[in-house]
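Look for chain A in each of the two complexes below; its partner is chain B in the first and chain C in the second.
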Partner chain A sequence: MKYEAVIGLEIHIQLNSATKIFCDCANTPGDDPNTNVCPVCLWLPGALPVLSREVLEKATIACLSLNCEIQSESAFDQKVYYYPDLPKGFQLSQAHKPLAKKGWVEIQDEQGRPKRLRLHHVHMEEDVAKLVHETEGRVPISLVDFNRAGTPLIEVVTEPDFRSPHDAMEFLKAIRNQVRYTGCAECSMESGTMRCDANISIRPEGSDQLNTKVEVKNMNSIHHVGDAIAYEIKRQIDAVNNNEPIILHTRLWDPEKRVTTAMRAKFEGPCIPDPSVPTIVLDDAWLETMKSRLPEMPAQKVKRFVQDYSLTHDEAVLMSSERGLSEFFESVVTHGAPPRMTAGWIATQLLPALKAHQQTLAETRVTPQRFASLIQLLEKDEINSNSAKSVLEKLFEMDGTPEEIVEKFGFRQVSDAADLAKLVDQVLSDNASAVENYKNGNKKSMGFLVGQAMKASRGKANPKLVQKMIKDLLA
Partner chain B sequence: MESEIFTYINASARPGTGPMEDTRVAVESGISVENWPTDAQSRALENYVALEDATLITRLRDAGAALKGRTAMGELGLGLDGDTCGDALTKGLSDVALKIDTTGEARMAAAISGCFGFKPTYGLIPRAGLISLIPSMECCGILSNSLEAISTTTRTMGGVDERDPSMDPDGIDQAMAGFDQSGPSQDDPLIVGVIRDWHTAMGLEDKEFKAAVKKINTAAGIEIKTVDIKDFSLARTVHNIIGTVEASSSAGRFDSVRYGHRTGASVKNWNEMYIHSRGESFGPLVKAYLFQGGYFQYRDYNAFLDACRIRARLMASLEKALESVDLIVLPVAAGAVVESEASNTVSGFYDTFSLTLLANLTGNPSVSIPGAVSPGTTNGDAARKALQLIGPRFDDAGLLARASRISDILTGEV
Partner chain C sequence: MQFHELTLFDARKLLDAKDISSVDLVTALLERIESCDGEIQAYITVDEKGALASARKADERLANGDSTPLLGIPVALKDLLCTKGLATTCASRMLEGFVPQYDATVVEKLKESGAVILGKTNLDEFAMGSSTENSGFHITRNPWSLDHVPGGSSGGSAAAVAARLCTASLGTDTGGSIRQPASHCGVVGIKPTYGRVSRFGLVSYASSLDQIGPITRDVRDTAIMLNALCGHDPRDTTSANVAVPDFTAALDEYETQGLKGMVAGIPKEFLSVKGLDSDVEKAFYHSVKQLESLGVEVKEISLPHTDYAVAAYYVIAPSEASSNLARFDGVRYGYRDTEAADLIGMYKKTKSKGFGDEVQRRIITGTYALSAGYYDAYYGQATKVRSLISQDFSRAFEGCDIIISPVAPTPAFKIGENVDDPLTMYLTDIFTLSTNMAGLPGISIPCGHGKTGLPIGFQMMANRFDEMALVRAAYGLEQTLALENCFPEM
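Coming up: the complex of A and B.
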């Protein structure tokens, strides 16, 4: 029998608000252990949670970016379980009345066709404390760091619309992109600000039943999510083929061994309404304010880039993939650089160079203005692309305008035929066999000859002019 | 004598200046006072010292009150086992005693010791710093021999607090404004409501209550009117379900890790540590109460949902009744009042508080007026002779003023 997978995801995203969700402690869980704590997030007796406005706003904007319906009434519940990372015995989460329902994101399926994946809801919750297990020494001990306790999360719960690891990975990229755009969260699986659990079951292909699912946790990159799902689908199909039952439980992805291993029975504790955090009532005016704070999202931006800047669809998608990148691109264009050349140079030169220098667009010395000047020099044929690459490298290393750098290091392109005539003659006499080949119809030899001339000019010759001169001489 | 009544005496208690500068206040150990032992009478909080004042304590200090010390209380505010707050008043050691009221504890303690007990509207006095098991019902109750002192204390402690987000700011402003207004006078017409069949549905006696109502009815300008409260007889069950469920959640934080008693038994893992520590910490009533809450949480959540719905109906029904009368009168207790530790069971607890818990469920203010108490009177008799008045939410000032008038009638001072 052929099986298909039914996959749903639960994604936790840590919001980047200044404070925790229910108190004024800093939302910087990486600080020295137990430095960002107070009676509320330590849950000392008598402390009352007070919902942060900023968290509510950021959560709402993130939900809007995922096309969700914001609920006019939502509320917190106590999700009861006992574990040392949750010392008050319940987690405040929105189990019954989430902040947002429905929503969707669009991905491309394996065949490149657009596919819409639906969200079931998005709710807010507090994160729990972090356990640090010290296993060295004679008696293993577990330490609790409360810096993370009470940091704000949204949990995105999808419909079981996913059929393949591809869907899940594309979905994660898409929501990461959307939410990052809003500036409300970092969404990095590697640093733990985005975490994904997958619920996986299988069924005969074409049926619409929902079978017992298995939850898989502990994937800390998008690729791991894909690998873990692929493994788990195969494991379940093998189990069913061997007449082994699928039991509801939780499994951990082991990135070293690349397998999932059983962790525990999946626990569903009770959820009762929290009596202390008031019901959240949102009116239309407030919601409009939040909508007005939503930036232009990638899909709209792609359309506009194609229309306003005549980029191809692929170029526009690339230039819109990150909000910071799109803003950089537009800023360069606003400084007068031609859009398509700018997009090409950002993609093929600037981004790899940033990676090599381990810098981000936000922090690099290569400002939009400097980069725009560079592109303009190239456009006006004042430097050739070889020199432009060298100038770009200098822009990382030193201050000064590209024009100054061109002058200082003599990168200016030689576009005077008289200056180049001697050099071209020399190249033709030094490479008689290539000349012969060209004359015999081997057009590739032209490239070689131009290359030799460029080398002789130490990269400064105008390659178009050189090519024309050689062509004329050999005609 | 002081040491028999106070579990902790504040050696540096001295009055400041302000509207409460002549008032000595006893504070039970479920209300946080910075640097005071704050164990809510439970081993689960053994040696716990509060890091900060409850908001209401800060307000008392600012008003010049002298904080006397800690009175003993029932474990985690549940019931009155070993309670001494009434004694602090009757022995003249304090003028006002504060006691958390989640089921009627403050009003009952007052009735037993022959003084007034007041549970304000839910949320009027900030909850920040209160330690109880039932957050949706907890109020700081106030006991005193003087209704005027209760009024002043309420006014001092009440008002919006940014640490307590569950407060209703509009209602609270209205309630606080009530203390500035002249309020109902002793000659105004007053309509007193009596709940129809309150005793038959619960199988209780109403002989003494009838006599008291008759006495009130003889006073000039007072009319007695029967009101209907839908599902009144279910109030006890509803409180039982919601109260135990909230308690089960609230007690989760008593994990023996960060504070309180931790077991000395040798344990294999943290689950065993929790089980032993909690088993050694909680007394029989709290244990039974938490077990019931766990049952509803894990096994019968629908009962909890039903209880929440009936609670909402009770609130609406009481609010409607209070549109046609100024206040409702009920005994503080009728039938069995459990007096000994041996009968520390959940059903015994609810037998005792079956009539006071309505105001906790609905959030209405309620004040108890003591009956005649002599040295030979048992706690049960004292509670059965005492009356409680329930008024509209956020009209705390009006209710206290009317309580004064009715108290005068009952004691023959009119």
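Coming up: the complex of A and C.
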């Protein structure tokens, strides 16, 4: 029998607000352990939570970026369970009345067709403390770092619309890009600011039943999510084929062994509306303000880049993949550089160079203005692409406009007919056999001859003119 | 008159006139605690050093011509309120040795107003009880009769005021825990409107019901204390951002305008409860007559869902308690059992040994009421009853300014009498807990004594944020009753 997988995701995203969700402590969990703590996030007796406005705003904007319906009323519940990472024995989470419902994200399926994946809801909650397991001499000890306790999260819960690891990975990329665009979260699975659990079940292909699901946790990259889902689908199909039952439980992905292993069940306590954080009531005017703060989303941007700048779809997708990148691209174009050449040079030259220099667009010396001048020099044939690459390297190293750099280092392209004629004559007389070959119909020899001319000019000759001259002379 | 007998108002006058010093007053009360509290046991902690130090500071300020309403006034705090640097136990073994790093907002406010903190008073563990017999440390005795309970859960605070072991005190009221002990000890206690006073620093029992209020010798002192305590606090989102009137102005209103035109409702469901003591009933109707003589129109009203109030309350309060008390797990502070081999064992043993029986009973009740499959039948239903009770009151207040009733069905009962019968104990809250369910203010003032000489209280309830009406009517009744024999012989 052929099986298909039914997959739903639960994604936790840490918002980048200045403070924690219910107190004024800094939302920087990586600081020295237990330095960002107060009676509220340590939940000492008598402390009360006060919901941060900034967190509510950022959560709302993130939800809007995922096309959600913001609820005019939402509320927090106390989810009771006992564990040392939870200082008050319950987690404040919107279990019954989430901030946002519905919503969707569009991806491309394996065949490149658009596919819309639905969200069930998005709710706010607080993160728990971090447990650090160490040894003191030979005694194993567990330490608790409360810096992360009370940092703000949104949890995105999807419908079980996913059928493959591909769907899940594309969805995660899309959601990461969209939420990052809003500037409300970093969304990095590697650094833990985005975490993903997958609920997976299988069923005979074409059936619409929902079978017992298994939850898989502990994937810390988008690729791990894909690998873990692929493994779990196969494990379940093997189990069913061996007449083994699928039981509701949680499994952990082991990235070393590339398998999932069963995890001990956690005690789930009761859940009660929290009386100390009042119901959150949002009015239309406030919601409109939040909508006005939502930037242009990547999907709209792709359309506009195709339309306004005649980029191909793929180029537009690439230029829109990060908000900072898209803004850099547009800024370069605004400074007068031709859009497609700009997109190509950003993709093939600038981004790899940034990586080599370990810089980001936001901090590099290669400003949109300087980069635009470089592209313009290239467009006007004042330098050739070899020299342009050298100029780009200099832009990382020193100040000054690309024009000044071209002059200073003599990168200007040689297009003067007399100069080139002398150069070409020399090359043709030095390479008689290649000339002979060309005349006998070996067109490849042309490439060799142009290459020799470029070498003789130390890369500065205008290759197009050189080729034309040789062709004319040998005709 | 001896210093410890002074009301807050009189002490204020004498302090401002420099006739006495705060150190005189505090020393007198500390001596009185020394000589009398061995029997009463109203206090868990007496902060002799701290009290004298702040009294000296208050005297310096007084000498400089400074005066704030509570400057130099010695007060006692229910040991459920966090005090910076001073042990806060909630009368529980679980919190033995816990010293908060911060003051509750009310404690901050008292200190800002110049009050001197004498110490922390006894209570039923985590405020769960009606007799102060559930304290994890010791019982407190009623100053009027040492073999009777002082009521609860703020029994220590009420007994301390009655026995004149402080000038005024703070209690907390989740279902009657200020008003019932005030009634049993013959003093004045008010539970303000939910949201009137910040709960920050109050160790939560049932967060949607808890409210802090003062316990004092008379109504005037209550008004002065309310002025110091009320107001919005950004640290407690449930504290209301509404204007706070000068509550002492309600006394002047009575002096100038009396109570003429005021309408008081008597809920017929309250007066028909089983087990209403005849002395309580007599004292109640005597006060009703006094009110009528002042021109108050008294009429019968109905609060039709009263029958369900106790049951709903004892689902909601334990439910909230079950999660509020989850944090006491032995990991970070307070008591920890060290015998258990693993984490779960440590949780179980710590909670079983650290909490008393009544606290465990309520945690288990609450957890059950919230558990999957029972949630709708218990917690869900109770929540519905709660809103029906609220509606009952709203409807009633369309036709009257205040609602009046006894505070408890009987005067204080004997120590040990109800310990093994939690249900009977729960039913004694029948007249008080509805106001908590509806978030309304309620006051208890002494209105007489039963045959045994034990005091009896009279309750008035008002609409949300209408404490002015309560203070005015209570003051009027107090002046008119002009009770003699206001304090127990000690």
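By definition in this document, the second predicted complex is superposed on the first by the 469 of 475 C-alpha atoms of A that agree within 3 Å, B and C clash if a C-alpha of one lies under 4 Å from a C-alpha of the other, contacts with A are read in each partner's own complex, and residues count from 1 in each chain.
The rule is short, and it goes like this: a contact is a pair of C-beta atoms (placed from the backbone, for glycine too) under 8 Å apart; a residue touches a chain by one contact, two chains touch by 3 or more.
What you are looking at is a predicted structure, and each value in this text was computed from that prediction instead of being measured.
Judged by the touch definition given at the top, the superposed model places A:Ser276 against both chain B and chain C. Applying the stated contact rule after C-alpha superposition, one finds that A:His120 touches neither chain B nor chain C.
Of the two partner chains placed by superposition, A:Arg203 touches none, neither chain B nor chain C. Common to the chain B and chain C interfaces on chain A are residues 39, 42-51, 78, 80, 82, 84, 87-90, 144, 269-270, 272, 275-278. Remark: chain A residues 39, 42-51, 78, 80, 82, 84, 87-90, 142, 144, 269-270, 272-273, 275-278 touch chain B in the complex. Interface of chain C with chain A (complex): residues 81-82, 88, 90, 95, 98, 100-102, 104, 199-204, 206-208, 234-238, 319-320, 322-323, 325-329, 331-333, 343-344, 347, 367, 370-372, 375, 379.
By the touch rule above, chain B contacts chain A in their complex via residues 32, 38, 40, 45, 48, 50-52, 54, 127-131, 135-136, 162-166, 245-246, 248-249, 251-253, 255, 257-259, 270-271, 274, 297-298, 301, 304, 308. Residues of chain A touching chain C in their complex: 39, 42-51, 78, 80, 82, 84, 87-90, 144, 269-272, 274-278.
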